[in-house]
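Below, subunit A partners subunit B and then partners subunit C, in two separate complexes.
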Partner chain A sequence: MDMQFTDVGGVTKAVLGGRLDSFSVGEVETRFVANIVPKEQPAVVDLSDVSFIASLGIRMLIGTARALQRSNARFAMFGANDSVMEIIETTSLTEIIPVVGTEAEALAVVTA
Partner chain B sequence: MSEAEQTRIITVARDLDLVPGDRLHCLELVDCVDRDRRHVVGPLGLKVGRTPPADIVLRDSEISRSHCLVTIDDGQLMVADLGSTNGTYVDGVKVEGVVPLPVGSILQIGKRSLQHEYRTRAEIAESDELDRELQKASAYIQALLPPPLPDGPIRCDWTLVPCARLGGDAFGYGQLSDDLFVAYLIDVAGHGAGAAMLAVAVMSQLRQRNLPDTDMRSPAAVLTTINRLYQMEDQADLYFTMWYGVYDARSRELRYAAAGHHAAFLVPPDRSQVIAAGNRNVIIGAKPDATFTEATVEVPLGASMYVFSDGVFEIVDKAGRQWSIADFERLILEPRVDGISETERLFQAVREAATPGPLDDDFSLLVAQFD
Partner chain C sequence: MKPDRTEATEEPTLVLNLGNQPAVIEESRFAVVAFLEPLGIVPRTMNRVEVVLEELLSNLIRHGENVNAIKIAAGYRDGAIDLVVEDDGAEFDPLGKPDPDPFTSLAEAPLGGLGIALVRRLTCASRYDRVGSGAAARNRVSVSITNR
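Now for the complex of A and B:
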């Protein structure tokens, strides 16, 4: 699983790539959380290059969103392909984390 | 002294007693809790095969009688395929000639996987104790699952294969009243002791058919109560998905609700189509004030109902393609096979399609057949 972090005008942007399966979550979760939560600022996650999300991956995303919420910072995701979107919709993850089409929309959601 | 008066003293040496040194190379089956899951590799090496005289006998039709040989060479574990039909793999790479089997790597043959561990005798003793405890825990979970129902107007069968020694799936079924039959499945995110304990807690509560102030005939009401009782912050940040359905034998109506869970499938006897019994609700534990909805569908005469966890279809096949639920739907519609149960047919088909080694997630499938 590939991960990159940048700062876009006070918003943490994480770019994930590959499979977010049970094995890779164990490898990346600590780094993912450590690069987002302590900054206590809004964050967006680019899912464009993510091919699969397992239940533990969803748990990682929910946990991060909830931790940010405690700092009154918002969290959103964007760019999911059709198969990842199917997983997101089945779990109704959108009721907990906004999932939009583009980076611009995601930035608008977390900075509104 | 007559033969009857003789006392025979038989001593049985454990394999680890025969190997010198404090640290021992071990091959450990990763997908079971059997007491004999650990095999110590001695100076003569170990042969793995489907039948004796192999040192490690694994009853699996995809494993050849004499499949591969593991030896120690200059302190390092090596493996050679013995001309097996289906090949030997180390961490997914097919073995050609003699190759190293590094500590921590996975040796895959047929459907079975063995991990190379390099342990001290003290670690082995400690691990044996842990294995015994895990075996008890696994047996306890199995004991909570309902027995198959081979006869009657609703026949049920199931297959549960955890991907780790303790899984996070649980399910149940039975009569709510003379006319109402309930079935449910819980899939806790992850596996291991934490997930298993949560799955058992929820399953035990549902088995009692007695949630506080809840009409157990209403799937939406049941999910609402379960969600209120099992919020993530109170459950070590674990969440779960769930499907709950109630079948009314008088009206042939199935009332159901899914919380973050995919649909269950109804299949008529002619196997012409699947009828999805699913709706969209948030996962259990992530939103305390969530409201849950339910829906209904008519059950065709003689239909079968398939309720399953995502581990049944979220596999990567041998061509490297990620499966979706549509792939499993295709498998379901294939003809039943005489001589094996429907759940076993589907497990074998999924196992056959998936890459070698244990499945990534728990495989839980229950099939109910209605008159």
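Now for the complex of A and C:
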């Protein structure tokens, strides 16, 4: 799992690439959380290059969004492919974290 | 005069016998995907298979007790993929826990229990059986996933 972090006008943008399965989550979760939560600012996650997600990946996203919410900062995701989106929807993640089509939409959601 | 020959057609099946180690998830995924790919499985269904396999095996590795051997079987019949995950560990029904309560906020969202809930929702059938007895006793989880 590849990860890149940038700052887009005061919003943390995380770009993930590859599989978010039980193996990779164990390897990347600490770095993912450490690059997002302490900044206490809104965050968006680019899922365009994520090819697979399972429950541990979903848990990582929920935990990070929840921790960020304690700083009153919003969290959104964008660009999920159909397979990834099916898992996100099946776990009802879309009920609590906005998942939109584009980066522009995600930035608009977290800065509104 | 040629003899009347009726060839019995067998549904394709895959059987893997693996040890209890983290690599079992990756090994089984590669083998199951390679087995299913020639059978016309649509991408959405293949992803469901991979997720279900991932959830059942990671759950077993994390929560199973005294698991030394894991057997995975896959088959395709009547438009559905049948998966069986069997282990020789202590009696353990991963399907026994109920799904997490519905949630509408981040604060309420569960961090656990999502994996088996995914298994139930992505499959058209799932069941647990304790089969055999004594040293031959096994936990067996069987699921079916419709190819659509």
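By definition in this document, the second predicted complex is superposed on the first by the 112 of 112 C-alpha atoms of A that agree within 3 Å, B and C clash if a C-alpha of one lies under 4 Å from a C-alpha of the other, contacts with A are read in each partner's own complex, and residues count from 1 in each chain.
Assume contacts are C-beta pairs under 8 Å (C-beta built on N, C-alpha and C of every residue); 3 or more make two chains touch, one makes a residue touch a chain.
The shown structure was predicted, so the numbers you read here are calculated from the model rather than taken from an experiment.
> Please determine, from the superposition on subunit A, whether subunit B and subunit C clash or fit.
In the superposition, subunit B runs into subunit C.
> With both complexes overlaid on chain A, does A:Q69 touch subunit B (first), subunit C (second), both or neither?
Second partner only.
> Examine A:E86 and indicate which partner it touches, taking first as subunit B and second as subunit C; both and neither are also allowed.
both
> Of the two partner chains, subunit B (first) and subunit C (second), which one does A:D21 touch, if any: first, second, both, or neither?
both
> Just checking: does A:S55 make contact with subunit B only, subunit C only, both, or neither of them? Give me first, second, both or neither.
both
> Which partner does A:T6 reach: the first (subunit B), the second (subunit C), both, or neither?
Touch partners of A:T6: none, neither subunit B nor subunit C.
> Looking at the overlay, what does A:T102 touch: subunit B (first), subunit C (second), both, or neither?
neither
> Considering only the stretches 186-194, 204-212 or 294-302 of subunit B, report the one that runs into subunit C.
Of the stretches 186-194, 204-212 or 294-302 of subunit B, only 186-194 runs into subunit C after superposition.
> Which parts of subunit A are touched by subunit B and by subunit C alike?
Residues 21-23, 52, 54-56, 58-59, 62-63, 66, 83, 86, 90-92, 95-96, which sit in both footprints.
> Can you name the residues of subunit C that touch subunit A in the complex?
It is residues 22, 25-26, 43-44, 47-48, 50-51, 54-55, 58, 102-107, 109, 111-112, 114-115, 117-118, 121-122 of subunit C that touch subunit A.
> In the complex formed with subunit C, which residues of subunit A make contact?
21-23, 52, 54-56, 58-59, 62-63, 65-66, 69, 82-83, 86-87, 90-92, 95-97
> Show which residues of subunit B lie in contact with subunit A when the two form their complex.
That would be residues 187, 189-191, 232, 237-239, 241, 260-262, 280-283, 286-287, 290, 310, 314, 322, 324, 360-361 of subunit B.
> Spell out the residues on subunit A that touch subunit B in their complex, using ranges where they run on.
My answer: residues 19, 21-23, 51-52, 54-56, 58-59, 62-63, 66, 83, 86, 89-93, 95-96.
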